[in-house]
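Here come two complexes built around chain A, the first alongside chain B, the second alongside chain C.
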Partner chain A sequence: MDASRGNDVLPESATAEEGVKTESGGGDSSARRITAMLIAPGTIWMLLFLVVPMLMMVYVSFWTQKTFSIEPTLTVKSWVAFFSSETYFAALLRTIKIWLIVLATTFALGYPTALFIGLFIKNKTVQTIVLVLCVVPFWTSFLIRVLAWRPMLGKEGAVNIVLEKLGLIAEPIEVLLFTEFSVVVGMTQIYVVFMVGPIAFMLSRIDPSLIEAARDLGAGTWRIFRTIIFPLSLPGVVVGAIFVSVMVLGEFATSAALSGRKVNLLGNIIVTQVGSLKWAFAAVAGVILTAVMAIVVAVLLRFVDLRKEL
Partner chain B sequence: MTAILELKNVTKRYGGDTALDGLSVTLEANEYISLLGPSGSGKSTLLRVIAGFEKPDAGEVLLEGRSLAQVPAYRRGIGFVSQGFALFPHLSVFENVAFGLRNREDDPLQDAAELRRRVDEMLALVGLSDLGERGIDQISGGQKQRVALARTLVADPKIILLDEPLGALDANLRARMRVELRRIRQQLGITFMHVTGNEEEALAMGDRVAVLDSGRLAQISDPDSVYNRPQSARVAKFLNCYNMFEGRRDEGGAFHAGVSSFACSPGAAAAGVYCVRFDKIRVVPLQGLSEDGGTGVRATFITSEYAGPRITYFFRGADGKVLEVEYHLSHRRPDEFAVGGDYWLSWSPDEALVYFQ
Partner chain C sequence: MENRPFLRSALAFYTALFIGFLYAPFVVLGILSFQAGPEGGPQFPITEWSTYWYEHIFGLTPPSRIAPLPIGEAMIRSLTLAFMTMVTSTVLGTMTAQAFRRRFKGSGFVFYLVVLGMIVPGVLVGLGLALVANNLGISRAWWGTAYVAHVLYTFPFAFLVMLAIFNRFDRSVEEAAWSLGVTPMRTFRKVTFPLIFPGVLSSMLFAFTLSYDEFPRTLFAAGADLTLPLAIYGTFSVEIHPNIFAFGVLTTLFSFSILAVYGILMSLSVRRAKKAAIQEDIQ
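Our next item is the complex of A and B:
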């Protein structure tokens, strides 16, 4: 018995070892080559279309702007103009204000929704279906979704008609449309789903036995939410906040369509300046916007160690 | 001995499946009771009903004589240590243990010094004094087990329910935690109920062993009785150390199972199950048959499994059934058998257990 087993096993293990050797023999350099080949397209793409344009933008912001042309003579004139102009500096502050409001509204609306999807719906399939339902509005074009708020919020829009018919108001409310309010409403509706998704994902990953354990240890529902559920969903909140922040800070279309050009954000300024060929000035606004975004993302990432959490 | 927890005719159904079927059992104060059953026997459901995570469809649970029907999980004073430990990953070891004292609905502990004293005391009891500030991802599986236990114990529960507490640990650690669990329990004098699917663990841990089968209590007694005198063929089967033959006893006291027949205690003819423990069998060469006083069965040797202190031999009986024979190697060397060779598996009829339906 022993002898026959030995005969069976020996040749097999020998071939297996040979196989491993040939594979690992050329392994080191070929593995490195494969690594290089895999990361090359991404790296080249990012260099060409992210790093170089960003450096270019910073560089152009110091060029000299003539009426209809731009010259590569370095100057800080555009920078001085930006910060000394009431209009442009106010746009920066307004951008930050609208961003903070939209961040708050998307969180206030998004967190309960995510809580329902991620924690209360136990069935994974139903969870996915509901999340997909959240994305359904994206099947319509962005501009249509934004413009659809006009007949909703306008002086003779749906909201005013309903309120008047109910007898709640005598005169139509005019501040609904073409104000910061309408911009906030539009942005909240469009971006709230980016808050819901990551939070729902984190919530659905919470092991139900943790909640059971907390309950067994005597904690009530609100305590469990505050001490267990919310802290564990925090990485989702941060990711959602990064999504919303980056998109809202760079926004120009919603504010253009829903503010009647009364609410100018940094994004709107860039569009106008580029439209009138003021490249240097647009570059200044671009650099400032990028810097604001970088700070926001860096600060948000300080709250959680995403690498550890995801 | 005083009863601390009583279950009376507890029934729990999930849809059409009956997880607990009119189960009654009494837990004594200050005992270690292990609950053995195959998966699907209802043992986890039983724990969840006691802990208050599930409501029984019928019957009642009494803690120290009072019904728990209207008492929510967090007011029962029953600790629950779940299978995966369920430690809070965002809190340190200390914070995990302090969680219940600090966050419980009834009378939360506000005094920081008192909190620290009690948590430190509990960490010392489970041997984790130096690890309080560690994160949950910075400790080993065995340490997690201790944290989970300390977190539950710190609130002075009357009973601790442990759901397969050693399942997530490697074999080495499991053996050590067995001793630890029993030591901790003895030191505190509270009742532990330990659910396991492992018969060896159930026998080793429990002052009493309860065997659960299809939502009913099949047997509850001391480990020695469960092991040596299982009350039914089902219990013998869970113990995983009996060769079992289904068949019929005739009036002459012979038990017929397929082509084999064994000596059996005489009595009325009846269908039944004939069980012989693995370690009660001797393997004899076919020639030596006449000298052997026992009864037995002819079988073909397949293979063996060596496990240090014992060796298990696998044989195939005439009807294709695999039979196991276990030799303890304390005072002998393992025997060599030829693969494919025929042997006689012999045992004394007194050692066989026969269950009639």
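Our next item is the complex of A and C:
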């Protein structure tokens, strides 16, 4: 890397006085032109179709909302309406609540599996197979995955039938489906793999001799876990938490399909507002969602340098 | 840690349960897709085993009060869109990652700008694009705004995959070819491409499957003609029937066959690479 950097700098000074292109002297400027040409399409695509629309969203959130249209007269009315409305503010709080719960469940359910895959399976092939087994559901249709929970959790669903057969319950439990519970279960199943992967990856990189040394020095299993294994797996936990957070915070399909539209998250607010052509209002909810996400990701990134870990 | 037999088996048992948790809904969905029709509902018990709902999807059953799933044209649109997205994002990802092989000013900015595409929630991407399109008077369409949104999502995946591939291989191989007077185009075809082929294949797999299944970005960006996930989502709001379960089974099988093709191509390329390495050793 350093050698190529040296090469980059040298010819520049050689050709600085003359713009004449020679075989040897053109190396740097033509290399730079090639780099520019290579990054231009991707960069322009992202700027034009992602950054500009996001800025547009911020801008439109200050437009005036008419019944079925918006006008570019600046106002904070939509913002005031959002924060003074019980329903919308509650949606913000509910989004944060569901996010925290799903973060906790994906971590609690995912960590032991990651521990087993990353630390206990020594054979690389077996390790890959088990990891692939966990990832395969991710390749199936997102909506079908969500929908599959309906016959599982419903009043006449599989869970209730099994529990009744086992004699654990006399009456079917009704609160399993179309509640916050079903939303959390559905999201956990979909996103837990993003927690397992990074943690297992970090765990598999731990040098076994480190654990051996600790054991030779008389440390117990719990102590080894607490002082060596867990701290070394933390970057994986943070990366997993970032993945889960950005996906859960922007969710609306799971909550719409599994709560019978009773659990409204910020994403659901956006969808309903767009449905009734309240673009300015949807934009306000969008900006708030962006802000929440930016804060969450920024806080999580304080714990880990993403580019270093990848 | 591995010499703790109890802990080991406890964790192995837990992992088995965990995988059960991941797969159970699919198993239940698969079973219920064989419900009797057209009276059988989307729940237990199975009144009678039948393939009625599979026939229903393909329009092979006599007309009943349950409308067939509106998936025919949506499927073609989704496949076309996934193909377009796959080609575009693999090309963009390879180009951008190729640029990252040398250091350049602003590389940090470009890196995060690209990665942003997979971080920003789909609903916001769709909303933003819809707002821009509306204001410019561009009508939204699956082959326009939705296509743009899909590439925003899959291009970062292709970029990261290609970045990992380029990081791994030695550029002196290419330099050797150049110094021997091989043209850059031929070098790319004969040297670079075989080396990066596994990455290209993975990028294509990511892009195709993510696009084919993409829902939140498409919702506001697709306009009047629906893609497959949008058509499926539309059926959620009305009463659901086992035909959607049968469709779930079929689409899952489709995803798995794409994975299988990917696996076969991948192992073929690995085997060829190994063979080449052995030949080099002999020589």
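Keep this in mind: the second predicted complex is superposed on the first by the 279 of 310 C-alpha atoms of A that agree within 3 Å, B and C clash if a C-alpha of one lies under 4 Å from a C-alpha of the other, contacts with A are read in each partner's own complex, and residues count from 1 in each chain.
Operating definition for what follows: a residue touches a chain if its C-beta (ideal position, glycine included) is under 8 Å from a C-beta of that chain, and two chains touch if they have at least 3 such contacts.
Because the structure is a prediction, the values reported are computed rather than measured.
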Which of chain B and chain C A:47 touches, first, second, both or neither: second
Residues of chain A touched, compared between chain B and chain C (which is higher): C
Partner chain(s) touched by A:89 [first = chain B, second = chain C, both, neither]: neither
Which superposed partner A:220 touches (first chain B, second chain C, both, neither): first
Which of chain B and chain C A:231 touches, first, second, both or neither: first
Touched partner set for A:209, first chain B, second chain C, both or neither: first
Partner chain in contact with A:257 - chain B first, chain C second, else both or neither: second
Footprint overlap on chain A, comparing chain B with chain C: 1
Chain A to chain C touching residues, read off their complex: 1, 4-5, 8, 31-32, 34-35, 38-39, 41-43, 45-47, 49-54, 56-57, 60, 109, 112-113, 115-117, 119-120, 122, 130, 133-134, 136-137, 139-145, 147-152, 154, 156-158, 161, 189, 192-193, 211, 221, 224, 229, 246-247, 249-253, 256-257, 267, 270-271, 274, 279, 282-283, 286, 289-290, 293, 297, 307, 310
Of all residues in chain C, those that touch chain A in their complex: 1-2, 4, 7-8, 11-12, 14-15, 18-19, 21-26, 28-29, 32, 42-44, 92-93, 95-96, 98-99, 102-104, 110-111, 113-114, 116-117, 119-125, 127-132, 134-135, 148-149, 151-152, 155, 159-160, 209, 213, 215-216, 219-220, 229, 232-233, 236, 240, 244-245, 247-248, 251-252, 255-256, 258-259
Residues of chain A that touch chain B when the two form their complex: 1, 207, 209-210, 212-220, 223, 227-228, 231-232
Complex interface listing, chain B residues touching chain A: 51-53, 73-75, 78-80, 82-84, 86-90, 99-100, 103-106, 151-152, 155, 338-339
